[in-house]
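What follows is a structure written as structure tokens; I'll ask about it next.
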Amino acid sequence: MTETTIPRGNTLPRIRPWLGIAAAASFVVASVMALFWAPTDAVQGDVYRILYVHVPLAWLAYLAFVIVFLASVGWLWTKRPFFDAVAVASAEIGVLFTGLFLVAGSIWAKPTWGVWWTWEPRLVTTAIMFVMYVGYLLLRGLSTDFSRRATRAAVFGIIAVIDVPIVHLSVLWANSLHQLPTVLRAAGSPALDSSMLLTLMVSLFAYTLIYAYFMSARVSLERARQGRLWTQI
Amino acid sequence: MIDRVALVATRELRAERRQPDGVVAAVTFIAVLVLLESLVVGPQIARDADVASALFWLALAFATILATMRSFDRELEDDALEGLVALPGGRDALFGGKVLSLTIVLLLVAAIGGLLSLVLLDLPVALPLHLIVVVLLGVLALPPIVVVDVVLALRLRARAALVPILALPVLVPQLVAATRGTSAALSGDAVGALSWAGLLFAFAVVYTVIGLTIVPAAIE
Amino acid sequence: MRTVQSAASLHDATVVLDDRVILRAVSVAIDPGLTLVRGPNGSGKTTLLRVLAGLVPLARGDRRVADGVLYIGHRPMLLRGLTARENLEFFVRFRGGDTRGIDGALRAWGVGEDMDRPVERLSAGERRRAALARVETERVPLLLLDEPFADLDDAGVTRLRQAITRARDDGRAIVVATHAHRELDELARAQIAVDNGAATAS
Amino acid sequence: MIDRVALVATRELRAERRQPDGVVAAVTFIAVLVLLESLVVGPQIARDADVASALFWLALAFATILATMRSFDRELEDDALEGLVALPGGRDALFGGKVLSLTIVLLLVAAIGGLLSLVLLDLPVALPLHLIVVVLLGVLALPPIVVVDVVLALRLRARAALVPILALPVLVPQLVAATRGTSAALSGDAVGALSWAGLLFAFAVVYTVIGLTIVPAAIE
Amino acid sequence: MRTVQSAASLHDATVVLDDRVILRAVSVAIDPGLTLVRGPNGSGKTTLLRVLAGLVPLARGDRRVADGVLYIGHRPMLLRGLTARENLEFFVRFRGGDTRGIDGALRAWGVGEDMDRPVERLSAGERRRAALARVETERVPLLLLDEPFADLDDAGVTRLRQAITRARDDGRAIVVATHAHRELDELARAQIAVDNGAATAS
């Protein structure tokens, strides 16, 4: 019926240093571009440059939670512990990024909107997404045994991902303070200056590499923990 | 499959009738809420269509959580849940049966609670039929998520706190939709009411399908 | 391997609960007739039965069970709030069976007068009897009984022994885990000794 | 007597929250409630001192009922309650112990939930000290009545159904008092806050004394 | 009457539950030593023990019990969520006793390794053993044990028989209601036969 394969040695540790180097390098490039190369915004001035942290972080949160979703499906489908390791790792990193990003967003909100926090759909849905995945981690923490924990978390990981499109689309709900989708729009090409767009793309790439690096580290840690458990068998 | 779901639901409703914990608790809860609301907030604000519907749906969400937790607590006594799950097809019928019986209970609660709110707050209803449709669909959309979350938290410590944490954030969009829809029906916005009802219907369908698919896997 | 005609079999089944190994690479085959599971407290008998009933996920290994299993655990597994009769009717209907035999079975098990009272108001033995009446109302090929003699008086024990003998003669497979009643050994076709998570059949 | 009450309370607190998980869960629970409230009701209305305090106390009443029901459900599993009541003096310590442990949990929930509400809703607090006194007394007044009702209904047949019926209507006056008091403290009405606080104190004392006197007798 | 030196006594005790008479004018006196309660399922043994423990109100009659009763019913009565050790510590502290003997008692009852795991994750027998260890940690003059042999393996049964013998030799009064273990009759000083709500001592 259910079969769980025993973790074996994997290739992650070998590629991790290279991932780290690539992530650091592209982060430097992205920062230089964001701080010096990209033009100053006509309306907001230089403060807008937080955008190059803000948007990649938001997208990374999305990515992290979509990966939790995919790994959850993978676990339910195959019952391979590898998927569970990916799910925890991605959820933890996602919660971390979302937390950072809530803080960074508030810091940006103060100068531009004049308040730290406001009840506005995207902000609230982002906060709810954060709470949801804190709940996901709580559910894991309170479960006591491996396969039950993995299965329960996977089910919740599948349900919770529904919030990702809701966050993305939430700005359309009500006329809001927050920026409407400018890059990822349903119709037409991005409404952004091309050098700004390029900077944004490079930042996005850099942050994705950072995510990948964190993931490889956290996944190996989890695999090692699983390995200790499985050696008893 | 369908008749097994019906059997599980009947079993649940019977036990609920003997010990009507869920319904009574939920109805009393809503009644107190409405009373308190108008006593405390003052009739002006409480009679506002938005506020009244928001409180109604909040109360219904709590009532769902309360009733579902009670239902599964009863199921855990004497390992009755294992007796059900060990039956062939039991795992699959569990989700459907619980959702069905809870929906029936909640419809009852919503009807009583809704009437109470209308009478006590003396709310004018512009579109009664639309109101019924919105409330019906809003109620249909509640149990699937809550049942899934209660199953996930089964036998865990601190589950009284964990279930609301897991359920409420997921419920937010549909509670907003239900509130807006109810408020639209109360104030005579037919198009608004129907479009919110459509959204609620979509929620109900999506979560029911998800529940039917993955809950059997979660009860191992 | 006798897997082909077996009512149930486990191959290399390993169970991990709470990060502890509870069953370790257990391979057993359950054939028609009575199989006794013996072993000290906490050795894993209940876990073995629950695995056979499909209630515990395996960390490793395979489980193959014929359709139609009836598992009665340490606890009677009847839903409180319902009467004994309603509980049994639910189970029988769920399996698509015929509910006419229920009254007779409950009466035969000595709970005829109590069958319309909610189960939580029965005595421990009465509840056990109501649960065991399922052996006769749900005629499935594989029975898993965990410590079924607990709380039964002498008449109840005799009744259960008869029910087991009859089920065996009907060609059903019965697995009984119990500490008591050594005399059952004579009826048994096989024994599984469980010790600290390892099972050896004999 | 006192140390027995403390023992029962410790046992209760241990069972629910062996690790910080429980506290985290309680905090998240309240955070979710506050988020939900302002989202559903709309920020304008949610920031109204009356509405904000009404919702806060409703949430707290809900939390009390949930926690008490869970506490006694767990107590009934494996007949643990009988084990306690059969002890010499167990009957007398039960009420005090349950009330004490519930009060501690609720104070935690109220403190964190209150702070979160204040911060997230950006509520101006005119009289912080008065606010603390009102919240403290309001929380103290909640558990005795709920526990009394649970225990009074303990030997009755429809036990679980009776509890909410008995408890919620009795809670209404003190919830109103707590809401008014909180709102007064928020908006700077010192006299109002103190007089409501006095009423809450009276409720807490009366129900605690009633509980301590009649609960031991009610268990037999 | 031997009321004076008895550890407990009932006079004309009548219990009505659910509008049915469960115990009918029962008068018994429990003296130090082992008293066995025997009777078929549903006869009222548990109700009798619960009356002695003060858990059931009498519709009529008198109950006189010495201070310090330890009642262990069909179910182990340990609070889930706590470990075995925490449960036992609670009971001992509550009686104002000394908690130092708890570890030793739990180890002697074979749950030394499991005493720091929450009781709901113990096997049925392990939980019963943890509950029975109370016989040694709470040294009260009157013990009421309802079907204490259920779920125990052979070692556990031997341990319990020793514990009962020792308690009897210490001059404690022990009331055991059980269907099994006829051999206890030799140790018993008195027997109470319960049948359909009527109790006759012998």
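Residue numbering begins at 1 within each chain, and the chains themselves are lettered A, B, C, D and E in the order written.
As a working rule, a contact is a pair of C-beta atoms (placed from the backbone, for glycine too) under 8 Å apart; a residue touches a chain by one contact, two chains touch by 3 or more.
Computed from a predicted model, the values in this text were never measured in an experiment.
Trainee: Determine which two chains are connected by the greatest number of contacting C-beta pairs.
Mentor: The largest set of C-beta contacts joins the chains B-D.
Trainee: Let me spell it out: compute each chain's centre from its C-alpha atoms, then which one is farthest from subunit A's centre?
Mentor: Relative to subunit A, the chain with the farthest C-alpha centre is E.
Trainee: Need the most distant chain from subunit B, centre defined as the mean of C-alpha atoms.
Mentor: Chain centre farthest from subunit B's centre: E.
Trainee: Indicate the whole-number Å distance between the mean C-alpha point of subunit A and the mean C-alpha point of subunit D.
Mentor: Their C-alpha centroids are separated by 38 Å.
Trainee: With chain centres taken as the means of their Cα atoms, state the distance from subunit D to subunit E in Å.
Mentor: Subunit D and subunit E have C-alpha centres separated by 37 Å.
Trainee: Distance between subunit B and subunit E based on Cα centroids, please, to the nearest Å.
Mentor: 45
Trainee: Can you pull out the residues of subunit E that are in contact with at least two other chains?
Mentor: 18, 74, 81, 121
Trainee: Note the residues in subunit B that touch 2 or more other chains, in rising order.
Mentor: Counting only residues that touch two or more other chains, subunit B contributes 19, 77, 157-159, 162, 165, 169, 172, 220.
Trainee: Hey, what residues on subunit A touch two or more of the other chains?
Mentor: 2, 128, 131, 134-135, 138, 142, 144, 147-148, 151
Trainee: Mind listing each pair of touching chains for me?
Mentor: Result for touching pairs of chains: A-B, A-C, A-D, B-C, B-D, C-E, D-E.
Trainee: Would you mind writing out the residues of subunit B in touch with subunit C in their complex?
Mentor: Residues of subunit B touching subunit C: 4, 7-8, 10-11, 14-16, 18-19, 74-75, 77-80, 82-83, 85-90, 93, 220.
Trainee: State the interface residues of subunit D toward subunit A in the complex, per the touch definition above.
Mentor: Listed in rising order, the residues of subunit D that touch subunit A are 21, 24-25, 28, 31-32, 35, 38-39, 42-43, 46, 120, 122.
Trainee: Mind pulling up the subunit C residues that touch subunit E in the complex?
Mentor: Those in contact with subunit E are residues 17-18, 39-42, 46, 74, 110, 114, 117, 121-126, 128-129, 147, 150-157, 179-180.
Trainee: Taking the complex as given, what residues does subunit B use to touch subunit D?
Mentor: My answer: residues 19-21, 24-25, 28-29, 31-33, 35-37, 39-42, 45, 48, 50-51, 54-55, 57-58, 62, 66, 69-70, 73, 76-77, 157-162, 164-165, 168-169, 172, 175-176, 179.
Trainee: Once bound in the complex, which stretches of subunit C touch subunit A?
Mentor: 14, 16-19, 21, 24-25, 54, 57-63
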